[in-house]
Structures are given as C-alpha cells and as structure tokens.
Amino acid sequence: MMITVEIVDKWMELFYLKVSEQKAYLSELDTPIGDGDHGNNMMRGMQGVKDSLDKLTKPDLKTTFKTIAMALISKVGGAAGPLYGTAFLEMAKKCDETQAPVELFSYALEGIKKRGGATVGDKTMIDVWAPVVDILEKSSLSVEQIREAANGTKDLVAKKGRASYLGERSVGHLDPGAVSSQYLFESFIEAGGIK
Amino acid sequence: MMITVEIVDKWMELFYLKVSEQKAYLSELDTPIGDGDHGNNMMRGMQGVKDSLDKLTKPDLKTTFKTIAMALISKVGGAAGPLYGTAFLEMAKKCDETQAPVELFSYALEGIKKRGGATVGDKTMIDVWAPVVDILEKSSLSVEQIREAANGTKDLVAKKGRASYLGERSVGHLDPGAVSSQYLFESFIEAGGIK
Amino acid sequence: MTKKFGIVIVSHVPEVAVGVPKLLEQVAADVSITFAGGTDENEIGTSAGKIMDAFERNEAQELLAFYDLGSSKMNLELAVEMSDKKVNIYDVALIEGAYTAATLLEADVALKDIEQQLAPLKIK
Amino acid sequence: MTKKFGIVIVSHVPEVAVGVPKLLEQVAADVSITFAGGTDENEIGTSAGKIMDAFERNEAQELLAFYDLGSSKMNLELAVEMSDKKVNIYDVALIEGAYTAATLLEADVALKDIEQQLAPLKIK
C-alpha cells in the first residue's frame, strides 16, 4: 500500500472528525498532568489543516504534507504543534523517495524525536509512533495494537513535556499526545492507508 | 556629641540638597555598572523624606528616624531603598538606648549587611559605611576620610548588586551607592553631627 | 477548593508580574497566585508596599515567593518582616521555579518535596 | 551604536514577552532586543511565526535567544531552521539569563565569555 493524496485527504478528514468529537476528552487528559489545552490545541490545528487543504487545487503529495505541517505549526500553539508539524514536514521531505507508510512514519518519528529530545518510554506521543513503526515493519497494523500502545503510557513516568514536572506522580494517567496520536493512526487505517 | 531631632532635620535637609545637585551625576555613575537610575531613585526617596518630615509636628527622634526609613523604603524603588531604609529603621529601633552617632551608625551598618548580604570590599555603600564607623570608633570624622572611602570603591570588583554581573569589568568605576553614602555623611558633618 | 499554600510573584516589571501568573494558572487552577510588579509609580523597580499587598490579597496563609533580581529580594524580605503570613522566599529562576511550584502545589505535593525539586533551579 | 549581537525573548505569555525587554533595556540601551509572546491569537503558547518575526525585527545579524518552557524551545528551533540569521539558543533561566547577557553585551564582552557566565544558569 502506498500513500496517495486521496488517502491523505480522507485521513485528515477523519482525524479532524475524531479530534472534534474527542476535543473535551483530550483536554481533560491534559488537565492532571499538563495545562488542560491539548484538545483545544489539536482542534485549532486541525481546523487550520482543513481550511488550508480546502484552498488547494489538485496538489501533489509533497504540497499536501507541507500544507498540513505549516497549518499545525502555526495553529496548534502548544508542544504538539512543532511536534506534529515536524512529523508532516519530514514526510513532505521524503515522499518523493518513498510513499510506503512504514518508511514515511519512520522519518516522521525521527523528526519528532529530534524536535523534542524525547525517546521511547518518556510518556509522550513517541510511545504510540514508535510501536506503530515497529509493527508496520513486520506486518499490518490494527486498531487494537494502536490502542494498546496509547494505553501503555498510563504506567509510564513522564520524562519530557509539562507532565515531567510531576515525575513519578504522572503514573496512572494517559498521555494526551499519545491519545491524539492514537486517533491519528486509527484515522489512517479508516482512510484505507493500510493494506 | 549626641544625635538630636534638630540635627537629623538639618542632616536630611542638607542631604536632600546634595542629592538634588548631584542627581544626574549619581545616575551617570550607575550607567556603566548598573541601570542608570541611582540619582533618580535617591531624589525620589529624599523628596519623600522631605514631604513626610514636613508633615510631622514635634516628633521625637524615634519617630523621625522611622519616618525617614518608611519614606525611603516606599519611594526609592531600587536596591538603595530597602538598604537605606533598613539603616534608618535600625537607628529608630536603637535610638532609645543610645544617641551616639558611632553606635547608631554601627547598628545601621549591621542592618545594611544583613539586608543585602554584602560585606566590606564588595563595592557597595558598605565600603563607605564601614570605614565611617571604624573611624568614629577611634576619633572624629572628616570629609576627606569619607571621600577617600568612596573613591576607594573604584579599585574594587563588584560582588553584589547589578554591578556584580560585570565582575572584574566593574573595576575603574565608582560605586554609585558609595558616593550617595559619601554625601549622606558629608551632610551629617555639615549638620553638626560630629563634635 | 483553594490550596493551603499560595504563590507570590515579584518582578521589577509590572508586565512580567501580571504575566507570570497567567502561565501558572494554566496548571494550577486551585492555587491562589498574586503578584507585585514595579514601583509605586509603576516604573521599573519593586515596592515593599506592593509586595505586602500581594501577600494580603493571597487567599492562602502560607506563601511561596519568587523574585527576579537581587534588589527585589530585599523588598520582599522587608515585606515579610512586616507581614503576619508565613512566607518562604526561593532563590530560584523566577519563571521556571514558580512554574514548578505551581504544578506541584496543584498536585498536593508536600512542601519539602517541592523544595527538593526547586533545589536544582537555585541560581541566585 | 547598535551592538553586533541582539537578544530575542520568547515566552508563552504575551505580557512576559513585552515585559522582560523592559528590564533588559535599562542596562543595555545599545542592544537590539525583540520578543515573541503567545500564540498567533495572543493566547498562552508560542508561535514559530511570531518568533521568526522577532528575528527579523531585530537589528542584529547574530542573536541570543531565551525561552521559558520546553515547548517554546521547539518553536524556537523551527524558527531558527526557517531563518537566515544565526541564532544561539540558551537553556538558561529566562529572565536571569537574558539579564546577564544584556549586561555583558552592553559592555562589549566577547560571546564566549558571556556563554561562560551563562553556564551556571543552565536549568533546562
């Protein structure tokens, strides 16, 4: 399966809808271990993505990815902005070379790691992105596997971002960015990005 | 010689005049090694002292010192406010016990040291206050001795206050608070506080 | 429910004093945060009187105070001597220290644990 | 005469971003100081676009940048990647670090000596 502009458009449409539905929940997750704005940030960002994509006429894949990246960078406002933005920027940079999801997501993951200085186990969105890439390297990807990864952040101690100020006390809470990443990959599957 | 309300009134009047005359110079001294406001700060403070003392009718020594202290604390705005303010507060606290200049100035000096955490040689007003107390312990006090102390701050490396950020580079500049303290003690002599 | 401990922000600059609590309130909705910035004439500097007011306005009885430059510490200490409240002054990075304290107070972390987490932010 | 190096202040809070330069200007009249605060909608957060603007508005070609929380650093880095100017980001206490740098830039201290004096203020 190769990523196409049509898949990305559908993907973003579905992710926009999930973020709209779960906006309050994402902000609620961000309240005990953050500043309670992750849902609003992602909603603002995805509204920006929708508006920007709507303005494009017959864009290629690179332009589509770049447009998504710039909208997220300029609209989100919180840490998730430069992180998701960098992920899509990296995909824009590499999508001439390859359109395989596993490869593009792997470049995106490296971008996220570099941008935020976090790694696997730090209780961030990386704890969804990294398993997704791992799984795709071997096989297909299921909704259950994505959810399992996001739920796994509950037991982790936050090492990066606002939650890290709470140290051990962050245990027992889901990471909001991991959950929004869960929605992102669920939307990707629903958009027909896998197999 | 004992300090009286009359001497303090005269002292403050003369110090007010010196600060008025030297306002620009004090701020100029504060420019290369500070934020350039010491003259304005002291002027605002002494205007406050003048206004507050004018409102008192037949105050005792304690009330006079306390009034000066409160005016300096509330009007100066810079580091000199709490420092000079504390000096006069300490004199207010002790002036029932003693009215000897050397003893009162010695209590005031301890207050300044405690308030700012600086000591002799740190290139602050203490480098005028400490020699003044030392000299008074042995003999009288002359204008020349006071000026010598203030001029001595030129060779010192600042260890406290804004000038300390410049470290060794503060050498070659007079400390503005030492110079305003020079004026304070010159005014004290002129007010008849010594012998 | 208001927490037992409050936070007081002291800055030479009125805008900074107004602004820092906005960062903290995002993560500490239940912590009373008050501030004092600038001189009585709202110029750059600090005022022991304004700091006392910030202590009084704070809903908590025990306060954690943070300041920018050394001279504000002196006015802070003067204000502490004149106030009835218990005030702890921290020689840590103003914004970063106050943010850390706000996060931990909101999570009901004990004061001694908060102080331990503030220790590496001591820069004054 | 404007100095070779400029300072850029990045904060989540518009008021803090406006206020910190006021503290610095007192001791660094000849240093170009610009700032970026809040999101594009002036809410609490940061904006890579606003940071880029602060780089452009700065009269100097080489910049020393200071930020409050970790997430502003990410937007700062994004802005650096998109800008033509050389920008050095310091992981030090925002207010105290920027004040130190301003004092030393005004006194024409060499960058490497400034960086040495900033080192103990590293808290991020």
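A, B, C and D label the chains in the order they appear, each numbered from 1.
In the analysis below, a residue touches a chain if its C-beta (ideal position, glycine included) is under 8 Å from a C-beta of that chain, and two chains touch if they have at least 3 such contacts.
Nothing here was measured: the structure is a model prediction, and the numbers come from that model.
J.: Touching both subunit C and subunit D: give me those chains, sorted by label.
T.: A, B
J.: Quick check: which two chains are joined by the most contacting C-beta pairs?
T.: C-D
J.: Centroid from C-alpha atoms only, then distance subunit B to subunit D, rounded to Å. What do you get?
T.: Here the centre of subunit D sits 37 Å away from the centre of subunit B.
J.: Once you find the CA centre of subunit A and the CA centre of subunit B, what distance in Å lies between them?
T.: Inter-chain centre distance comes to 62 Å.
J.: What's the distance between the Cα centroids of subunit B and subunit C, rounded to whole Å?
T.: Distance between chain centres, rounded to whole Å: 30 Å.
J.: Name the residues of subunit C that each touch 2 or more other chains.
T.: Residues 26, 44, 69, 99.
J.: Could you say which residues in subunit A touch two or more other chains, in rising order?
T.: 35, 37, 162
J.: Which word fits the touch map of the chains here: line, ring, star, complete or other?
T.: Drawn as a graph, the chains match no named shape, so other.
J.: Hey, which chains are touching each other here?
T.: Listed in label order, the chain pairs in contact are A-C, A-D, B-C, B-D, C-D.
J.: Of all residues in subunit B, which touch subunit C in the complex?
T.: Listed in rising order, the residues are 35, 37, 41, 73-79, 81-83, 85-86, 115-116, 160-162.
J.: Give every residue of subunit D touching subunit B within the complex, in rising order.
T.: Result: residues 26-27, 99-100, 103-104, 107, 109, 117 of subunit D touch subunit B.
J.: If you look only at subunit D, which of its residues touch subunit C in the complex?
T.: Listed in rising order, the residues are 11-20, 22-23, 26, 37, 44, 68-69, 93-96, 99, 120-121, 123-124.
J.: Touching subunit D in the complex: which residues of subunit B?
T.: 32, 34-37, 162, 165-167, 169
J.: Under the definition above, what is the set of subunit D residues touching subunit A in their complex?
T.: It comes out as residues 39-41, 43-49, 69-71, 74-75, 77-78.
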